[in-house]
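Below, each structure is written out as structure tokens.
Shared between the two complexes below is chain A, which pairs with chain B and chain C, respectively.
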Partner chain A sequence: MLALDLFVNGLIIGLYYALMAVGLAMIFGILKIVNFAHGEFYMIGAYTYTLIALGLGVPPWLALPAAALAGALIGWATERWLMRPLYTGYGSWGLMKDEYAVVVTFGLSLLLINLFDKVIGPYPMRGPALWDAPRLSIGPFMMSGQKLITAAVAIILMVSLALFIKRSLWGRQIQAVAQNRLGASIAGIDTARASSIVFMASGVLAAIAGALLAPVINPAPDVGIFPAVKSYVIVVIGGMGSIPGSIIAALLLGVLESFGAVYLSYDYRDTYGLVLLILILLLRPQGLFGERAREV
Partner chain B sequence: MPARPHPNLHTSKLRSEFLLSLAILGALAMVPLLVQSNYWLGVLIVSMYFAMMACGWNLLAGYAGQFSLAPAAFAMLGGYSTGLLAYHLDAPLWIGLPMSIIMPGLVGLVLGRIVLRLSGAYLALTTLSFAEIIRLVIYNSIDFTRGDQGLNVPALYDGRIGNYYIFLGVLTLIVGLIYWLLRLPLGRFLQAIRDDEIGAASRGIDVLRYKTIAFIISCAICGFAGGLYGTFARLVSPELGLIAQTGLVIAMVVIGGMGTLAGPLIGAMLVYTASEFLRDVGGIQMIVFAALVIIFARFFREGLWGLLRRVAVRRAASKGTP
Partner chain C sequence: MRQNRFAMAVTAAAFLSLAQPAQAADPVVIGVSIAQSPPGSVVQGTQVKDGIEIITKMINDEGGVLGRPLKIVYEDNQGIPEKGRAAVEKLISRDKVVAITGGHQSSVCLAEIEVAHRYKVPYVNTNCWSDDIRAKGYPEVFNPGNYNTRVSTAMAETIGAMKVKNVVAFAENTDYGIGQAKILGELLAKQSPDVKYKYVALDRAGKDFTPAVLPLRANPPDMVVNVMLPPAAYILMNQLYEQGVAPSAKTWFYDGAGIADYPDFWQNVKEAGKYMLAFGLYHPQMPMPDIGQQVGQTYQKEKGHEPNRLIFQGADSVLQIVRAIEQAKSTDASAITQALKDMDYEGVRGKFKFSQEPGYSFQQWVDIPYVTYQLTEVDQPLSKTTLIQATGQPLHADKLVRPSN
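Let's look at the complex of A and B:
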């Protein structure tokens, strides 16, 4: 019984991780860079949700869309002002792409953390719960209302994201750009817009993850660092740029941590991801669902 | 008289940068004659600690093009190598300090062998995850490391002036070591790998081997910086490995000039002393530096050193060189 309970709780934690990791994987898929400010998108979501719900006194379920909007905005701004030079204008950028992307997104992460630290203050706040239900039991499982609603929102978001990418015109354009940027632009696809959409979607997912977890994590300026580290581990395990791979790796990590925390050691629960990461890099460096890198 | 090696752009550029670095270090050696305040000497000692990490990180990122996001974490590892030996085994510093070079170097060897087979963002991702998780492990293993209370480390030398010259001497050695390495074929191999990894491999350069060597040296330099810092502060704590510390190191290199010998020195001195002033203005130092990192990476890739050189070249040109 304990094992089943751990499994379900692990899956729910994995769903939070997936919300973060999918956005990161999408950005890698389309631009071949890693966004090191991803954790701060999460932090902004958590703060927007908490400040709007507490400051304006609106019901929490109205603050959730506001957090999503803030995530979309920061994603859009990052792409528009910091990422766009990567693929417009300069021919020589190809060589320095990694350098530029790592330094700039890492700088953005530091900037956002310290800006929030200065403007809002370093002290953690407490976000209101979406659904203040006491622990309730569904069949054999005991869980809190907040956890349940988070899991539901995460599933809805991910299913709609999958539908968007598979079915919609913009989604198909994004797939085309991820496969071959030059080819897509020759076919008349606006590659800059596709990148912009991907950054906005990634910002929305991370911000909603932050908002949903606000009652648990107590927003503070550096709250995004650790979830971001988890999602870096996940995207490498799942295969860089693979969206289904990152979802499965996120669920796997959630379950592994949930079991490890009980059966191995609670204090070291965060190291299991690192161990798994190193094993994957040793045995299957392209990740669980990644393709071997092809260079043309 | 032995034939002098044919002068070329690479060595002459390196030599001029090395001479400038020596001038900066020489100026630093004069500072205690003018500044007697213990506070400012302390500030300069800490900025030399950062300069060591900046030089180590620059060798890896600026010259080899491999982005580690864990210089501060390796400094923390180095500090804890010394600290744990002293705390558990009462090891004297002549054992403890060399261990602060060896241990981070070994970790670098293992991690580098695994991660550097893959190019691109893998190193940055893995080192950042490693940095945060190892910090958490040290923080949580209270029985072994005393957690966030930190470990006491014996002092190498008492007194500010003595420590000042120890740090300056080590920093000079590190700058000299990097200059020597870059003059070897290794230096050119690393830059070839940075500019075009596949091209370098096609010319017969063992890419994995040289990337790993650069990573190990960089880790060992950062580790020694951490070990030395521990003997100065008499304390090592998990705070040494915070991401903000890594951010400071990267800010120094990017602002000073990446891929240049003198850039990290200029950057470390300017950024750390400026951060002391900005702290008084209202704790805005990290906001300013993070914004500067973005601006420099976006518009002035070569940092302050590159800007200075561009001005110098333009002045020389306007004077009418033949």
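Let's look at the complex of A and C:
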């Protein structure tokens, strides 16, 4: 029974991780950069949701789209004002300055954490639940209504994202840009707009994850650091830039941590993912679902 | 020539006489190192700072110290030991502070006291609970705040009186958390050998403690003890409640981290905080000197809610340094250190003298007053909670109430 409990809990945690990691994987897949401010997109979503719902008295179900909007806005602004100089004027990704993206996104992360700390305050702020059932029995399992809703919304969002990427015109354009930015550009695709959409989608996913978890994780200004670190691990395990890889890796990590914490040692819970990461890098450096690439 | 010399002497005397009052008005500077930004506990840092601001204003309104204004220079240590070390180094060498205070995270204090000890500058530890800070035996370090052995002793007595048999503690993986959990285990082994006790170390940055909580569902203990600080403590409490582990009809929830009087406590825990048993260093029913009451009232007026222990501890730390300067009639570091060591101090929270006994009680306010109380309603103000043990009084376990499920 405990094993089943741990498995279900691991899957739920894995779904939370996946919501965060997929956005990060998209950005890497399309733009080949790591967004170090991704955790702060999550934090902005959590705060927008909580402040709108508690401060303005807006029903939580309406505060959720507001958080998504805030995520889209921060994603758009980051790409438009901070990322675009990275590739404007360059004909090839080979000429891109990777360190620029690292420095800029890392700086943005620090700026946002400290800005929220000073403006909103350091106190953790628990968001209202979408389903106010703090203790729910579902057969042999116990969980809060919020956790259940979060898991359901996470599944819906990831399926929608997969359909969007596969079926929509914008999604196909994004795929083309991911394969060859210059080629896509020659074929008439607006690569800047594709990058913008990717950043907005990434912001939306992270912000919704933050909003959904606001009643569970009690957001504070540095709340995004922890899930962001997990996301980096997941993205590498799944295969840099692979969306299905990130989802599978997130679920795997959630379950691994859940079991490891009880059957091995709770003290090393966060190291299990890192051990897996090292193994993957040794045995399959491109990640579970990544493809070997060669640059010419 | 003689006239010229006379004119120069008069000019110099005039300069000196003009310069003298300015020098007399130079402020006495105390350095405060606290967490003002993440990842440190900014919540604690803010409260310590609020208390310091209140007492500084009160002191300056009454003419300052030795006729000079009191000035506080703050440094943000971000709750990181290396930053704390650098902050104290800067306060001493650049800002020329006469003493350091404000510390509220044990790992940071442990780093900071090394610098204070090297420069022989007095260091008044506001709220670092780890016994290791005292055990170092540094003559410059004074501890008017709480310490792990004090909490663990109080908790072990309470656990013994409640006749529980099986206790699980969740402790944060810090000097403070692990230290307190270990001492509690040692004391229980001595005082109540029948009690089965174990502790689980949790990451203070963690967001999901469900895997640590799930094994307790099948085999619930009689009591779960919290040795974690917010926000991790709030998350743990919510997950214990969500899984039906504690507080419940079978399992008590006992807080040993003093979180119940944090201003954001109820907003973050709601139902999970009801029936919690708490160790407290402040309760409105505790006797308090006039100056302490004044600090509390000023805080309540300014912030609109009840004060908590950290307000008083912050205020007390600065007041104690000021009293030592007054007693020493000097701002010389060694004179202040000697005065702190010798003086009978009556401060914001009461009257005491530092113990000189080596170990965890070295330069410590050993009999620091505490209470034990229970929260019986959601959103309950501290003043309405049930006092189970008043300061220095026996414990009334019969006043405790349990949830029905």
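General remarks:
As a working rule, the second predicted complex is superposed on the first by the 284 of 296 C-alpha atoms of A that agree within 3 Å, B and C clash if a C-alpha of one lies under 4 Å from a C-alpha of the other, contacts with A are read in each partner's own complex, and residues count from 1 in each chain.
The rule is short, and it goes like this: a contact is a pair of C-beta atoms (placed from the backbone, for glycine too) under 8 Å apart; a residue touches a chain by one contact, two chains touch by 3 or more.
None of these values were measured; they are calculated from a predicted model.
Because the two structures share chain A, they can be overlaid on it, and in that overlay chain B clashes with chain C.
Of the two partner chains, both chain B and chain C are touched by A:D270. In the superposition on chain A, A:N114 makes contact with both chain B and chain C. Of the two partner chains placed around the shared chain by superposition, chain C is the only one that A:A261 touches, whereas chain B remains out of contact.
Shared-chain residue A:V104: touches chain B; no touch with chain C. Contacts of A:M200 after superposition on the shared chain: neither chain B nor chain C is touched. In the superposed model, A:P221 makes contact with chain C only, not with chain B. Once the two complexes are overlaid on chain A, the chain A residues touched by chain B in the first and by chain C in the second are 113-114, 225-226, 267, 270. On chain B, the positions that touch chain A within their shared complex are 61, 65, 67, 69, 114-115, 117-118, 120-122, 124-126, 128-130, 132-133, 136-137, 140-141, 195-196, 198, 243-244, 247, 250-251, 254, 258, 282-284, 286-287, 289-291, 293-294, 297-298, 301. Taken in their complex, chain A has these residues touching chain C: 1-2, 5-6, 9-10, 13, 113-114, 117, 121-126, 134-135, 142-144, 147, 213, 216-218, 220-223, 225-227, 257-259, 261-262, 266-267, 269-270. The touching residues of chain A, counted against chain B in their complex, run 28, 32-34, 36, 82, 85, 95-96, 98-104, 106-111, 113-115, 118, 225-226, 229, 232-233, 235-236, 240, 267-268, 270-271, 273-274, 277-278, 281-282, 285, 293, 295. Remark: chain C residues 37-39, 42-43, 45-46, 173, 200-203, 205-208, 210-212, 214-215, 217-218, 230-231, 234-235, 238, 241-244, 263-264, 267-272 touch chain A in the complex.
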